[in-house]
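For reference, the structure discussed in these notes is given below.
Chains: A, B and C, in written order; residue numbering restarts at 1 for each.
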Amino acid sequence: MLTLQALATRLGGVHHGPPDLALRDVQPVDSAEAQHLTFVNDARHLELLASSRAGAVLCREGDDVGDRPAIRVANPRLAAAEALRLFHPRAAAIAGVHETASVARGAFVPASAEIGPFAVVEQGARVGERTILGAHVVVGRGCRVGDDTHLYPRVVLYPGVTVGARCDIHVGVVIGSPGFGVEMGPEGPVEFMQRGTVTLGDEVRVGANTTIDRATFGATRLGDGVQIDNLVQVGHNVTIGDGVIICALAGIGGGATFEDRSVLGPQGALAPDATLGAGTILGARGALQSHGRLDDPGQVYMGTPPIPLADWRRWVVLRRRLKRGKKDL
Amino acid sequence: MLTLQALATRLGGVHHGPPDLALRDVQPVDSAEAQHLTFVNDARHLELLASSRAGAVLCREGDDVGDRPAIRVANPRLAAAEALRLFHPRAAAIAGVHETASVARGAFVPASAEIGPFAVVEQGARVGERTILGAHVVVGRGCRVGDDTHLYPRVVLYPGVTVGARCDIHVGVVIGSPGFGVEMGPEGPVEFMQRGTVTLGDEVRVGANTTIDRATFGATRLGDGVQIDNLVQVGHNVTIGDGVIICALAGIGGGATFEDRSVLGPQGALAPDATLGAGTILGARGALQSHGRLDDPGQVYMGTPPIPLADWRRWVVLRRRLKRGKKDL
Amino acid sequence: MLTLQALATRLGGVHHGPPDLALRDVQPVDSAEAQHLTFVNDARHLELLASSRAGAVLCREGDDVGDRPAIRVANPRLAAAEALRLFHPRAAAIAGVHETASVARGAFVPASAEIGPFAVVEQGARVGERTILGAHVVVGRGCRVGDDTHLYPRVVLYPGVTVGARCDIHVGVVIGSPGFGVEMGPEGPVEFMQRGTVTLGDEVRVGANTTIDRATFGATRLGDGVQIDNLVQVGHNVTIGDGVIICALAGIGGGATFEDRSVLGPQGALAPDATLGAGTILGARGALQSHGRLDDPGQVYMGTPPIPLADWRRWVVLRRRLKRGKKDL
């Protein structure tokens, strides 16, 4: 339970209505009840709000919400995301090692950590305070996992990987698999052994069944607050800055770089050694060519090679005309 | 063993030849033996049939199969699929909980279910009658799994997920992972907590290592008879109607809808909130843009944005001419 | 430790400098120390070499490396890959079955094999000499795994699959999942049962979370020395020749063929029954259409349908002009 006033303070907004109004969760406008805080993000939401039973609403300065209790903020959806975190703190570890787990003698697991059924912690690995390892997790030899991190069921860390604090690594993620380095020899392909490692910063989120390869030499590096969706492939020696967002099924080639807060859309790609500049957005299916650089903070690019969104839209219209057989472009 | 007559009855076809001819499996035309039923689907098959040793053949009215015993049907390949199911019924559960499995005290597992080695069933979960959980499966807190369903090895259901009856969920599938909702805040991306769930209908088939995300609020919903291939990403709040087919490596954005019996090709995509209409087919690599709608039952579309197959073919020819530097289109 | 002379002999090169110079690893030019062999592959490497502390260098005939001890070879990067293998032989199995592993009575596991924690070997399966099964591996009924092969944690082989000798199958790989065969019936899609299997040759490398489907009838076949990256989908009845390379997130349709030493780039595709000819390279995102054939040894193709790289580059320029609204092509 949080009061309207307490929420306004925590969310950096201004409240209107009874300061001690008690709220206990966030719900969308069409399913919220009297005990819920809701949020309006666009005209459709505002329309639905009229008939909503929500006890209070997150809205923008100037939104007409009648006399319903409200908290006015700059970005209602962002405020709702933050309110959800206040109502639902991270799951706390239930300290202890499950009787079926296999922890090597030379591994370090603190008393505050939770080690799930059939989890494996190999020799020389260190698990952080209050960290949770789900069922069937494997933490390889010599790995380091930070405090308050959650490895969901069947995450596998190959030997020598480092994961920061307060990370969420979802089911089936593989970190530290060997990068794909192949040299074509006279008798066929020869693997180039991958001797490096992977390092993740703090508060990194990695989606289900994503794979992150170790470096050939040195390290594949992810900064703090990186958000990665499901089924993404991150190649060897990739560098990912702070607050970068990578959507599902994207493929990142060896040696590519994401500068801070850049964004790559679903099924997108950075070819080997490409660089996506700080704050630049490469949309769905966009692919940046090998050694290419795209650096345009806040702008959205589309296509292969990428072009600005406005050009892309013109191109789509043009293609439609072309296919109709019109010669006059 | 099934007789020619029994097969004809079950497959809704007309038999020619000895009604009590005993057959014991389906084999393709080039490897079938006297005890096998084969099927001819095109001219090449018919040609191969001449030298085939098959005991009997599934064919269309009008196909010249000489005096070989035959069952004439509307769609021989569909009839072969159905015949295979008659010869090879679903594997029956070998009732019992493996001695290494970990079933929580508050979980419900009926005596008829088969729980494999190192499987984990968490508190409050319910497993259906005769349902099979393979090795290393994890059924999260409060999940519901229907009767006669098969979760293959290392499927993971996050807490609160519902799976229907007679489903086949293949190795490595993840259901109920949090949707990818990120709001960009002044200090970097903030995750929008995913409070919803996932519900699967009956007779759903999900391919290996596919991931299906829970809804932000409410539920990601799959209807009955849905067929999903390997390595597909299904986002939060997606709605998938009955009998929908989704091929490998496709990516489905948040809030997208598949109406009944629509089809999405390999590496295809539905962007967030797009709708693929009932019976509409979006081919390989096709991508439907955000909030887009494609509704043309039985028709095949290609490309991004999608255009009808005939137009696509013209476009491919046009591009070939363009690249040759011909100015006259 | 290996001497300069021994290395030159093993790598088929000519050494310059003290024959008994002892070296103990390979490192890139910017981090190599006195005890390391490094390699120079291009002008940038040669420049960095001047200030490198490397004890010796792999270079081409004619490269100016001053008086630094050197081994001159045709392809320095290939030689470095081979040198790494000399310094770091494959991990040897630590013979024995982990006390938590579950080996069926009718399975064959030789005394020289290493079976990891919570691994499952089902009835009738045979594991090779000195083969390693990582944690949570499942080897299904009747599978055959060759000698000196390494199945990394949580690899799953469905029943009846054959894997050759000296293979590396990485974390989360699924082999033998049913192919995606669906016939549309009057009441919705009907699965076409997949009765075949999968056969892998020797020295095959499969990347993390990749899926390889069994054949409808017969076998999905991979030859010797095949190199597959992460998150690749290989469909039913695919044939992959010797020394083929397939990059991440590629999708291979049913019945497609890779002839020897062909290469498919990341996010690429072969549609059903397509054939990529011996030594032909289909680049990133390239897709070969159904029943298509591309046969041009040593040449690189791009796009969908694929066109030669030179044409592709012209096309990219053309598109840029088109989008600028220039009518004069």
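Operating definition for what follows: a residue touches a chain if its C-beta (ideal position, glycine included) is under 8 Å from a C-beta of that chain, and two chains touch if they have at least 3 such contacts.
These numbers come from a predicted model, not from an experiment.
Student: Rounded to the nearest 5 degrees, how far is subunit A rotated relative to subunit C when their C-alpha atoms are superposed?
Tutor: 120
Student: Mind checking subunit B against subunit C and telling me if their interface is mostly the same residue numbers on each side, over half, or mostly different?
Tutor: Different residues, largely: of all residue numbers at this interface, under half are found in both copies.
Student: Between subunit B and subunit C, what distance separates the C-alpha centroids? Give it in angstrom.
Tutor: From the centre of subunit B to the centre of subunit C is 28 Å.
Student: By residue number and range, which residues of subunit B touch two or more other chains?
Tutor: Within subunit B, the residues that touch at least two other chains are 100, 118, 136, 154, 172, 209, 231, 249, 267.
Student: Which of the residues in subunit A come into contact with subunit B in the complex?
Tutor: Within the complex, subunit A contacts subunit B at residues 27-28, 31, 75, 77-78, 80-82, 84-85, 88, 98, 100, 116-118, 134-136, 152-154, 170-172, 205, 207-209, 224-225, 227, 229-231, 242-243, 245, 247-249, 261, 266-267, 284-285, 316, 319-320, 322-325, 327.
Student: Mind listing the subunit B positions that touch subunit A in their complex?
Tutor: Residue list for subunit B touching subunit A: 100, 102, 118, 120, 136, 138, 154, 156, 158, 172, 174, 177-178, 180-185, 188-193, 195, 209, 211, 213, 216-218, 231, 233, 235, 249, 251, 253, 267, 269, 271, 287, 304-305, 307, 311-312, 314-315, 318, 328-329.
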